[in-house]
Amino acid sequence: MKQQPSTEPTASSWRSRLHEIIFESNSDAGKAFDVTLLAFIIISIVVVMLDSVAELHARYGRIFLILEWFFTGVFTIEYLLRLICIRKPWKYMFSVLGIIDLLAIVPSYLSFVYIGSQSLLVFRALRLLRVFRIFRLVHFLSEMRFLSVAILNSIRKISIFILFVLSAVVILGSIIYLVEGPSNGFTSIPQSVYWAIVTITTVGYGDIAPATPLGKFIASFIMLLGYGIIAVPTGIVTTEMALAAKSHKPHTDACPSCGREGHDHDARFCKYCGAQL
Amino acid sequence: MKQQPSTEPTASSWRSRLHEIIFESNSDAGKAFDVTLLAFIIISIVVVMLDSVAELHARYGRIFLILEWFFTGVFTIEYLLRLICIRKPWKYMFSVLGIIDLLAIVPSYLSFVYIGSQSLLVFRALRLLRVFRIFRLVHFLSEMRFLSVAILNSIRKISIFILFVLSAVVILGSIIYLVEGPSNGFTSIPQSVYWAIVTITTVGYGDIAPATPLGKFIASFIMLLGYGIIAVPTGIVTTEMALAAKSHKPHTDACPSCGREGHDHDARFCKYCGAQL
Amino acid sequence: MKQQPSTEPTASSWRSRLHEIIFESNSDAGKAFDVTLLAFIIISIVVVMLDSVAELHARYGRIFLILEWFFTGVFTIEYLLRLICIRKPWKYMFSVLGIIDLLAIVPSYLSFVYIGSQSLLVFRALRLLRVFRIFRLVHFLSEMRFLSVAILNSIRKISIFILFVLSAVVILGSIIYLVEGPSNGFTSIPQSVYWAIVTITTVGYGDIAPATPLGKFIASFIMLLGYGIIAVPTGIVTTEMALAAKSHKPHTDACPSCGREGHDHDARFCKYCGAQL
Amino acid sequence: MKQQPSTEPTASSWRSRLHEIIFESNSDAGKAFDVTLLAFIIISIVVVMLDSVAELHARYGRIFLILEWFFTGVFTIEYLLRLICIRKPWKYMFSVLGIIDLLAIVPSYLSFVYIGSQSLLVFRALRLLRVFRIFRLVHFLSEMRFLSVAILNSIRKISIFILFVLSAVVILGSIIYLVEGPSNGFTSIPQSVYWAIVTITTVGYGDIAPATPLGKFIASFIMLLGYGIIAVPTGIVTTEMALAAKSHKPHTDACPSCGREGHDHDARFCKYCGAQL
C-alpha cells in the first residue's frame, strides 16, 4: 500500500502532527499512542470489574478510586485533544465513536455530582456504565471489515431464521405451559417461553425442567429441533463467507487496458472492457 | 419485476381493490395493511402471554379482556373480508393459511359459549390456541423460499441423521439404565433415553446426572459423540446452501459469440472470448 | 436401473421367491415385507421401553409379556426363513447383520432359561438386551452410503481432533483438580476430567461447578475453547461433503469416444482419452 | 515417497542406528519404539489419574508407586538416550519437545527430595505435573499439519471474533449485574461475566440463573446471540479448510502443451487443449 502524501491544507503543523498520532496508525508515534490507549482502556475496565467485588472493594477501594480518576483524567484529555486536532469537531462528537468516547468519561463526573445524595445504587449504576469503555476497542477493529461483509450479507436470512426460532419458541412454550402447568415451575407463558429458549439454544440451566412424561417428550423434541437447526445459521454464514473469500482472493492482476481487478483465475479477457489480459 | 396488469375479470371494482390491498403487497395501501396486521398479530400474542402471568392478570385482567375482544373483532372482520374479496373462498378456507386464520379467532368465541362451565383449565387451553396466530406471520416470509429450497434438499439426509441419533439415544439410554439404575434417578428406559437426549444435544439440564464412575464414563462418551456429530447436519445444510447459492447467483446469459455461461453479474464482456455480452 | 434377470441356478422356485421377498425390496411383496418388519422392530422396542416403567409394568406387565413372546416368535421364524432361503447360511450367520438378528431373539430365550434363578438383576439385564433390536434398522439404511463416504473420509482427521480434545481435557481437568480441590466436588482427577468434558462439550450439567475465582476463570477458558473448536469437526465434515457433492453432481455427459463420465463443467476435451466433448 | 539415503557423517554406527530408532519412524524398529513409547505414556497418565482417586489410592497405592517409579525410570533412560544419539543435544534440550520430555520426569525426582517435608499438597501438585506427559503425544501428530494450516490461517479472524465475544460478555455481564444484583447470586461483575460466558457458550451450569423477568429477558437475548454467532468461527474455519483442500488436491502439473493447471488426479489429457499430460 502506498504512503499517501500528507499534503493536507493544515492551519498549524502541530495540529496536523497531533491528528496523525491520534487518528492514524501508520507512523511509529501513532502506533505507540494506539497501544498505550488500548492498554489504558483494558486496565480501566479491569479496575471497574474488580471494584465490584465486595472483598476487593473493602481492601483496595481507595486505590481503585485513585486509578479511576486517573483514567477519567487521561480519557478526558484524550477526548479534548481529539476535538482540537480534528477539522470537523461536531461531526466527530455526534459520530458513534465520539459518543462512545464521551460515554466513557461522563459517568465518573456524574458520580461526582450525585455524591451528596444517598442513592448509592444509582451511583454504582452510573459508575458501572464505565464498562462501556470496552466499545472504544472498535477503534482497533479495522480487521473486522472483511468478516462484516459476509455477516451483513447473511443478516437478512438470519433474521428470518431468528423469527422462525422465536415463533417456534412461543408456540412450544405455550404448549409446555399447558402440559406441565404452574406446579412444575412453568408459572406463566413468558416463563415457559424463557424455558423453551434455554432448551432450544441447548443452554439448559436446569432451574426449570419438565416433570411429566409428556412434558419430557416435548422437551426432547425441542432439544432435537434446536440441535438440528443450528445448522441453518452456520450454513448461511459459511456460504456467504465462501462467496466473500472467492471474490476476495482472485489474482490482483489489473486489466492492462481499463485497470479494473477481480478477474477469475481462468479469465483470458477482461470482463469489463474485453481487452486481452 | 414488471407490474403485472390488473386486467382480471372482476365483477365489482371494490372487490378487486380490496383483493389488492389484502392479498398483495405491491401497492402502498397493501403494504400499510400488511404492517398494521403484523403489528396487531404481535401485540395480540403479547397480550395473551402477559395475561398468563398471575400478577398481571390480577391487576390488568380487565384491560387484557377488552384488548382480547378487540383483536378477536378485528381478526374476524379481516377473515370475512378475505372470504368476500377472494374469487374461490372455499379454496382459501381449506388452505393452511385459511385454517390458521380461523384458528386465531375461534377459541375466543368458544370461550364465550363455555363460560358457564367450570372447566377453567380447558377454557384457558382454548384461549392459548390463539398463539397460533403467530403462524400468520408466514404471510410475510416470501424471503424464506430461498432458504427452504436448500433445507428441503437436505431433509432426506437429515432425517437419516435424526434416525441415527434416535437409535444411538435408545441404545445408550438403555445401557445407562442398566449401569446407573433407578436409585440414581434413571427410573426407566424412557427416562434414561430422555437423559441421553438431554446429553447428546449438549443441553445438559442436570436434573438427572450419572453418579457411578462407569455411568460418568458412558456419559462422557455420549457428550463427545454429540459434540462431534453436530458437524453432520451442519455439513449437509452448508453443502446444499452452497449448491443453491451457486446455481442461483450467475446470470444464465450465455456469450452470444462462444456460447459459454457462468459470467459474473457485472461482466460486460465474455471472459473466454472477449465478445460483448 | 435395469432389472437384473433372475436366472439364478435355484434348486426350488419357492426358495428363490422367498429370497426375493426377504432380501430384496424391488417387488411389491418385498416392500410389504420390509415395511412390516420395520413396524415390528419399532413396536417391539417401544414395548421393551414401556415395560421398564414401574407403573406401566405393574398394570400392563402381562400384555407386555405376551407381546414380547409374540415378537420373539416372529423374529425367530424370520431368522429361520432367512437361513433357509439364502444360499450360504453360514456366511449370513457370521455376518454383522446375522449376529444382530440373532442377538434380537436370544435374550428372550435366555430369560426363559434363567427364570428359575433368583438373580432378578441379571434377569432384567438380559431382557433389556432386547433393545439392541434397534440395530436391525441397519437393514434399512442403504441411503446412508452417500453420507458415510464423506464421514469415512473425515474419520482420520476427526480422530486427531478427538485426541486433541481428550489431551486438553486431561490437562485442564488436572489443573482444575489442583485449583478447586476435593472440597468443591472435584474429588479426583477422573472426576475433574469428567467435569472438563461436561464443560468443553458445552453440556454443563451443573452437578459439579467451580467455586473459586481462579477455578471460574479456568472454566471460562475451557468453555470458550469448547465453543470455538466445535468449528473444527464441522469444517472437516463440511469440506469433505462439499468434495463428495462436487464429484457426485457433475454433468452426466459421457465422453462420446471412451464413454467415461465425471468431466468438469468447463472441460472441452475428455480428460481420459483426449477426444473432443 | 523415496527412502532418503542415510549417508550422514556419523561418528559411530550404533549412534546412527539409535537415532534412526528413536527419532525416525520409517523402519520397523522405529515404529515398534514409537508404539511402545505411546503405550507407556498413556498407561503412566492413567496411573497418575487413578492414583488421585482416594479409594484406589488406599487400596492400590503401593502398586501405583512402583509403576510410577518404573515409568520414571523408563522415561529417564529414554531421555538420556535421546541426548546421546542426537548431534546437537543442547538444541533438543531447549526445544519445546525436550522441555516437555524433561517435565515428564522431573516431578517424580523432586517428590523424592521433598519427601521429608510435610507439604503434601505441593508434593501432590508436583506429581500431577506428570500429566503433562500427554504433550509428548505431539511426537505422533504429523497428520495434524494439514489441519493446522487451515487453523493457523483462521487464527487472526477467530481472535477478532473472540475479542468480540469477550466484549459482549463484559457488557452483558455488567448489565445483568445491575439488573439482578447480589441477592440473586450475581455478587460482582466478574461473577456476572462468568455467568455470561456460561450462557453465551450454551454451557448453562445453572449454578447461577436470573430470577427477575428483565434478567430472564436479557438472558434469553444472550442465549440467542450465543446460539447464532457460533456460526461465525465455524464459517471461518470451513472456508479456510475448503481453500486448503482446494489448493491441496489438484496436481500442480501444468499441461505441457498449453501450460494450464488444475487438472484432476486421474486426468491423462489436458481438459483445455486435449494434449496428453
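By letter and in written order, the chains are A, B, C and D; residue numbering begins at 1 in each of them.
FYI, a residue touches a chain if its C-beta (ideal position, glycine included) is under 8 Å from a C-beta of that chain, and two chains touch if they have at least 3 such contacts.
These figures come from a predicted structure and were not determined experimentally.
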Selected pair, out of B-D, A-C or B-C, that shares over half of its residue contact pairs with A-B: B-C
Fraction-based call for subunit D against subunit A, same above half, different below: different
Chain whose mean Cα position lies farthest from subunit C: A
Rounded Å distance, subunit C centre to subunit D centre (Cα mean): 29
Interchain centroid distance [CA atoms averaged], subunit A/subunit C, Å: 42
Junction residues of subunit A - those touching two or more other chains: 190-191, 202-206, 226, 230, 234, 236, 238, 242, 266
Touching residues on subunit C, where the partner in the complex is subunit A: 202-206, 234, 238, 266
Footprint of subunit B on subunit C - complex, ascending: 45, 48-50, 52-54, 125, 128, 131-132, 134-135, 137, 141, 143-144, 146-147, 150-151, 158, 162, 165, 190-191, 194, 197-198, 200-207, 226, 230, 233-234, 236-238, 240-242, 245, 249, 265-266
Complex interface listing, subunit A residues touching subunit B: 156-157, 160-161, 163-164, 167, 170-171, 174, 177-178, 182, 187-191, 193, 199, 202-206, 209, 213, 216-217, 219-220, 223-224, 226-228, 230-232, 234-236, 238-239, 242-243, 263-264, 266-276
